[in-house]
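A, B, C, D and E label the chains in the order they appear, each numbered from 1.
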Amino acid sequence: MAKLFKNMFATSESTALTLGEELAQKGVSRRQILKFSSYVAALMALPASYSTAIAESLSKARRQSVIWLSFQECTGCTESITRSFSPSLEDLIFDFISLDYSEALMNVSGSAAEAARKQAMEENKGKYIVVVEGSIPLDKDGIYSVSGGHTNLDVLKEVAKDAMAIISMGTCASFGGIPAAHPNPTGAVGVHEIIKDKPIINVPGCPPIPEVMTGTIAFLLSLGKIPELDHLGRPKAFYGDNIHDRCYRRPFYERGEFANSFDDEGARKGYCLFNLGCKGPVTYNACATIKWNGGVSFPIQSGHGCLGCSEPGFWDKGSFYSPLSTPTSGLGKAAMGAAAVGTAGAVVASLVQRKRRENILKAAAVPKPTETKLGADDE
Amino acid sequence: MNQRVVVDPITRIEGHLRIEAETDANGKIAQAYSSGTMVRGIELILRGRDPRDAWAFAQRICGVCTLVHGLASVRAVEDALKYDIPANAQLIRNIMIGAQYVHDHVMHFYHLHALDWVDVVSALKADPAATSTLAQSISNYRNSSPGYFSDVQKRVKGLVDSGQLGIFANGFYGHPEFKLPPEANLMAVAHYLDALAWQREVVKLHAIFGGKNPHPNFLVGGMPTPISSASGGAAATSLSIVGLSQIREIIVKMQDFVNQVYVPDTIAIASFYKDWFKRGEGVGNFMTCGDFPSDGSKDKAKLLIPSGVILNRDLSHIEPLDLNDPSQVQEFVDHSWYDYEGDKKGLHPYDGQTNLNYTGPEAPYAQLDIDKEYSWLKSPRWRGKPVEVGPLARVLMLYASGHEPTKEIANATLSKLGLPIEAMFSTLGRTASRTLESKIIADQMMGWYDNLVANIKAGDLSVHNEAKWNPNDWPSEAKGVGFLEAPRGMLTHYIVIKDKKIANYQAVVPSTWNAGPRDGNGGVGPYEAALMDNHTLFDPKQPLEIQRTIHSFDPCLACAVHVSDPDGEELVQIKIQ
Amino acid sequence: MTKAPSSCHENDVPLTGLSIALLPEIIAHLQDLAEKLKKGPVFAQEIISLRGLPMTREDIEDLDKHLGHGEVNAKVEVAGNSDVWETSYSGVWRVRHFGTDDRILVDDIVIAVIPEILMAHKDDISASVLRMNDTILNLQQDGIASNQTKSLD
Amino acid sequence: MENNNPTPKPKDASKAVEKFLVSSASQLAPYLEACIHCGQCAHACHFYEVTQDPKYTPAYKLFPMTKAYRRSKNPLNWLGMIPTLEEDEIAEWQDLVFNGCTMCGRCTNVCPMGIDVAQIVGATRQALTAAGYYPEDLMAAAENVVQHGSPLKVSTSVLEDRLEWIADESETDIPLDKKGAEVMFTISSIELMKYPDSVGAMAKMLNAAGVNWTISTKGYESTNFGYLAGRPDIAKLGTSRLVNAAEELGVKELIIPECGHAYSVLRWNGANIMGRPLGFKVYHITEYLAKLKREGKLKFKSIETAFTYHDPCQISRRGGAADDARYLLEGFAPNFVEMKVTGNQNWCCGGGGGVQAMNKYRDMRINVFKIKAKQVEETGTNTMISACANCRLTMDESIAELKWGGKLDSLVEILADNLIED
Amino acid sequence: MSDLLDFARGPALQVSVMIFIFGVLYRLISLFLTPKNFIASPARENVKGAFGAGVGEIVRRMIPDKEYMRKEMFAFLNGWAFHIGLAITVFGLAGHIMFFKKILGFGWWNLPSNFVMLAGVITLFSLIASLAHRLTDPVLRKLSTLDDYLSGGLTVLPVATGLLATMHLGLRYETLIAIHILSVCIFLIYFPFGKLMHAFLVFVTRAKTGVEMARKGVKL
């Protein structure tokens, strides 16, 4: 019986419908595609006229095959994408993409799951998108993270080989994230340190904003190309501005109105959190504009400073509660040491000075004044 | 013929878990071994850091139970520093944990567990009108019209017709263990989608209090979310009048979904699988640390969920639990890839060590050496005994301690299914406990919310205690334990602070209690024991039975299952990958 | 512990001035369109995405006050609602898409004879031809069927 | 007589550096570290004002000493990053510190850091002299002190002759080496030789007030050219002659006549030069007269003449006695007019600090006087009086050269002329 | 967050603060330990106490006497503008206060950022004006040494980079702030070795002169 179903689902290239046709069959009109496209365009800050092009390209595409790999992760990124409102995850997986492998969401376990992955890789050779969640440990040949008896390292290399592009979802996959935090016990690294010959889009964040995840996927599948990336490989549309510049509390910063503790009057009035360690000024992400969970809030709006989670190595930048303008290293001991050395140095230098002076005075002693007898005329 | 079955990876869980099991000639599981195959060393990473930062690190232990590790960490620091928090902060934490329970349990049930019981493809054969009738017969949930079910069916059909099944690919469709009629399957699939949309809405509660979900923000000494003194506009924080009323709406939404969808669905589905109330028991020992203080105090008497240990299914007696007692809580590493300095004796978490020492086979490997070390999990034991933690433990503890609402709802549910209380010691008992617990907690949430609003109206806006925020005010040495009843079970974080820095950090998480490997005496953990309780695989290539029992624990790591014969001799290797 | 949230005093959010600054851009596009149309009928649309600009809600309200409301109002029900209306200046449209959760997804000014979202797509039209044929066929069959039933009565 | 303090020859820059180190290791160190080169002192200096040549900027005069000090002190000197002092630099500054500075201290008043330039110039003179860089005429005057007891070679016998003549001229007693005197009076050889009237005037007033005073033949010269020439040995010689004489006489008070630097040296630096406190009090003549007037021992007729007062730098700005001169004029000269810039801020005569003794700067001094002339003219009077013989000598030279219409008088002389004698 | 910022906030600041503290203490303490050979002649009678005189002089010299005011108007106004501006900028900006709080253990109320930025602009212009003055005025040219230009330049840098950072002009913010912090580091390192030390020495020399003047009874 199971075989029967499997046959029923078996598919071949020749009979595959384009997305446009498939959607039309489901009663989804071109208007809907156009609307989705204009939303993607707005989300990615593309010229609004792009929406027509996106709609055209979407109509012609087959549902995009996506393979989602879970490595050293906490599943927070997968959790996050389920919170995406527009487009929603179910809209994506039912209408626009084919999520062919996802350990967190897929039905079957074990060999059947692995088979699904292989099948997708074969059918979409060179065309599938790989999403990586979690970092990859390199120490001890990668034995610190194993799935199905294979190290993440092996699986990544295998799957990446025939991929169209890789999305490093979350800070772990992008930059190593928390497993790579000091002292990086397992030698964890991000995808780009292993895969060098494929386009990689970094979508960092711990986790990333749901709409940024779905938006990036939507862009990739809509236009079939990599969006414009910044120097850290992040889509500029989402990571182009720092949070501080777009923060609704920015005017308080300008006015010099700051919360100085977490529950003072300033905090309650929504003043700027710079003094409480907010990393908004050096963190590039869309939290302040797209916000979280359907736009209800984002960390700063809820009173806690930005942790800087979309930046490489943010775990090791000193305490989350140290204001940006403060030194990361404790200066107290260093300063005391310097003070002690300075004082000692000054004492020694003074003694040397004193000694030199005495020597000079001894050598060129001021002669005793001549006791000239006055009164004796010398003319 | 004896067989070894490997299922790897097990999906629809968090993380990487591997279980090795051995079946006899009839396909019955004789031995099972559970192994965590991924390690990040977060405990090592935490050392030397500012204890106030620890929550953010600890929170990333898990993104599914995204909140609990952060909060356990905060509580550990607060316990170490004897740091009191304002009543409002305690109420907010209660509401947040409560929301986490309801959200997490619903998502587990529909998105991680349901596909073990529901045949998606069978839903295509359902009659939407009959489905509507079925749905209306068990609940007054609004989404129950024939048109609604027809739309869902159309959507699934579109997916199937496209030939691109995505996450539903390669399912064990048509497996005789699927017993639901097509209409029940369609209803469950519809609710799968509904729950996905619903969960998006309800986590807004976390976003309002914590800025985002997953991984909302916490703060040592209270909560970071000031109660807005401005009503709106640019100056407001998320916890304004608007935010508060939104929270209320969300709580109502949670209660409605639990009452109208989750509870009825659980009963409906369970009624087709009553044989699963007879297997998958586990170790028969249950433990809770207690949670939900009614105020800011640490008074154990004021906890909604009591703490204690139940041994050998004996609900008439509860052993007291002391987390700080080195003779009660110990972690063993006899079968774990860790090194303890000296011999491998059990260590209390304050003295715990995390020295990675992999001794397993080289990858790629077909099986682990179950006689030696075979997991990244340690084996925690209470007075040397394996115990199960989680919803079942909590419901039993509430039941045993005489909590009336629990007794009422548990008895009502069991009687509806025609089952005795003993049925709870099982795979589906575990799943049902999750449902019951969701209802109990959802009902409590509105009370906490009302108390919070009453405090605010009375002028108490305090959510954070500044008193010990400055590390200069700390003792040079301190240690503490933060405990919390996470959705998956008792969670404890142990912290040792020296000179304002973390000297040692040990998290003893629910999945360690449940999924840990054997201890030095060969004592099996709950996962292993549950699988060894009356499980016969219909088709070793489709280990649906293993999925069901493992998923009933709502695992929080990635896993694999081996099956080998009792002699340990390898027989037939089932295709793994 | 200080005062509870005070009842309400709205924070004055000053206008950024972007609403006024946009008007010349709109005129330029409108003039462009007028020139193109002199040479014959043509489809062209220029879109200014308001969400891509650092405008406050107040800015947008101010802009809408300037643009006014014209003769056409349209509602598009597709994946949530969409509101489309012509401003008091012919050829200047406002298009606002809402998501299924009624959040504003897109907020555009469109300078066009008619915004594309309102136009029927050629593929959809082709599909309609087929669908309507089906419908007619079905109706005829139903008709025959019902007639037969009737005649049996 | 053999000079056992030979003038240091040949020139040797290292001697200057050593000397700097000895001096800077005293109270001068903070000043040497603090200059911020703001240049505000330029406008306070009369030499800069009349030449507009930046080299006369007082701060610039600190350079050699600062450089030598930094060289020895700055931690960076271990790295060899601080340049050392060169011979040609010392030669360049010789002119500036001996000729180009009267040590009037006006620049200190404007300095935002409060640096006392005059003190450093004094120390610099010592250092340069030690290294063999000094003006011959000033050194000659200093040498005279050793050999003849006075820069103008007023030996004891000359002194006795002159005093006898002055006593006759002024019809008053001038007691010499009087045992049991309570007050020792000193004279400046400039006065003795060029302005004998003022000596007579002072004697007259002391006698009129009934002061038990005397002049010692063992120590009478109040000027200290050793100090001005940068010869600490000669400075000490001059000072100890006075101190020894006074202590031998057992007087309680010592009076400095109308001479600026004499007052500054003995009153404010005497203890320092001697290395011990002095056994008597030191007064400038204006201070002493004011004291007598306060005690009612002196009375003056008031005069109608309108005049203004030129503050000698060392008495007012650097001596703190500006008020006593004004007290003396109170009730005595109702038509007295202050200059616009007066008191502690007053412009220098241009000849202090030994500059008067140097011919090279004669033209410069005359130009400097133009400032003073203008000051006086602005008061509407044509007479100024002063309480410093050196000021008079400097300015009289210029008055004559410029044929200026106004005139210059001595404060003590004008007072003595109007003394009410019982 | 760039690695440059990590370097600036970490080792660079640590080393520069150490050098700063070492240098300042070295200079001040060795100055106070300089042997004194000064034997005071008796002070004039009825003069005010040394402490009052010293403090009085520190305050009094903030404004030049009227005799010099006209000629020193530029130096006076520009100096004040610069020093007040710098003080506001350094001690008024919230970010800076946090820096001091971290080191000193206490903070104070900050000023509005816009106001601080205005002060920063004034500071910058007055610095540039003073450098221009130094280059054009013959007296100042004669007096100026490398130290003067270096000190001026090293003061311009933090002010200018700080303004750019707060205005978010040019490069990315973290790069700007890193450059700003690094420029402060250079400033701190150079501070004890040049005339920037006048910030401390001004109290020493003014007070010293004040005490000596008072002893003589000179009323300035």
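What to note about this one:
Convention: a residue touches a chain if its C-beta (ideal position, glycine included) is under 8 Å from a C-beta of that chain, and two chains touch if they have at least 3 such contacts.
Not measured: the values here are computed from a predicted model.
Considering the contact criterion stated above, the chains in touch with subunit B and with subunit C alike are A.
Steps from subunit B to subunit E, minimised over paths through touching chains, total 2.
Geometrically, the chain at the heart of the complex, using CA-atom means, is A. Averaged Cα coordinates give subunit A a centre that lies 35 Å from the centre of subunit C. Between subunit A and subunit D, the centres computed from C-alpha atoms are 77 Å apart.
Note on chain placement: the centre of subunit C and the centre of subunit D lie 96 Å apart, centres being C-alpha means.
Touching two or more other chains at once are residues 23, 26-27, 30, 34-35 of subunit E. Among all residues of subunit B, those that touch two or more other chains are 227-230, 234-235, 461-462. Among the residues of subunit A, those touching two or more other chains are numbered 85, 88, 265, 268, 294, 345, 349, 353-354, 357. Against subunit E, in their complex, subunit D makes its touches with residues 25-27, 29-31, 33-40, 42-44, 48, 52, 54-55, 57, 59-60, 73-76, 108-116, 267-272, 275-278, 281-282, 316-323, 341, 344-345. Looking at the complex, you find that subunit A touches subunit C at residues 20, 24, 29-32, 34-36, 38-39, 41-42, 45, 47-49, 51-52, 59, 85-86, 88, 246, 265, 268, 294-295. Considering their complex, residues 1, 5-6, 9-11, 13-14, 17-30, 33-35, 93-99, 101-103, 107, 110-116, 168, 172-174, 177, 181 of subunit E touch subunit A. Contact residues on subunit E toward subunit D in their complex (touch as defined above): 23, 26-27, 30-31, 34-42, 44, 57, 61, 64-65, 67-68, 71-72, 75, 79, 137-145, 148, 193, 195, 197-198, 201-202, 204-210, 212-213, 216-220. Contact residues on subunit A toward subunit E in their complex (touch as defined above): 242, 244-245, 253-258, 260, 272, 274-275, 279, 281-283, 308, 311-314, 317-318, 322-329, 331-332, 334-335, 337-339, 341-343, 345-347, 349-350, 353-354, 357.
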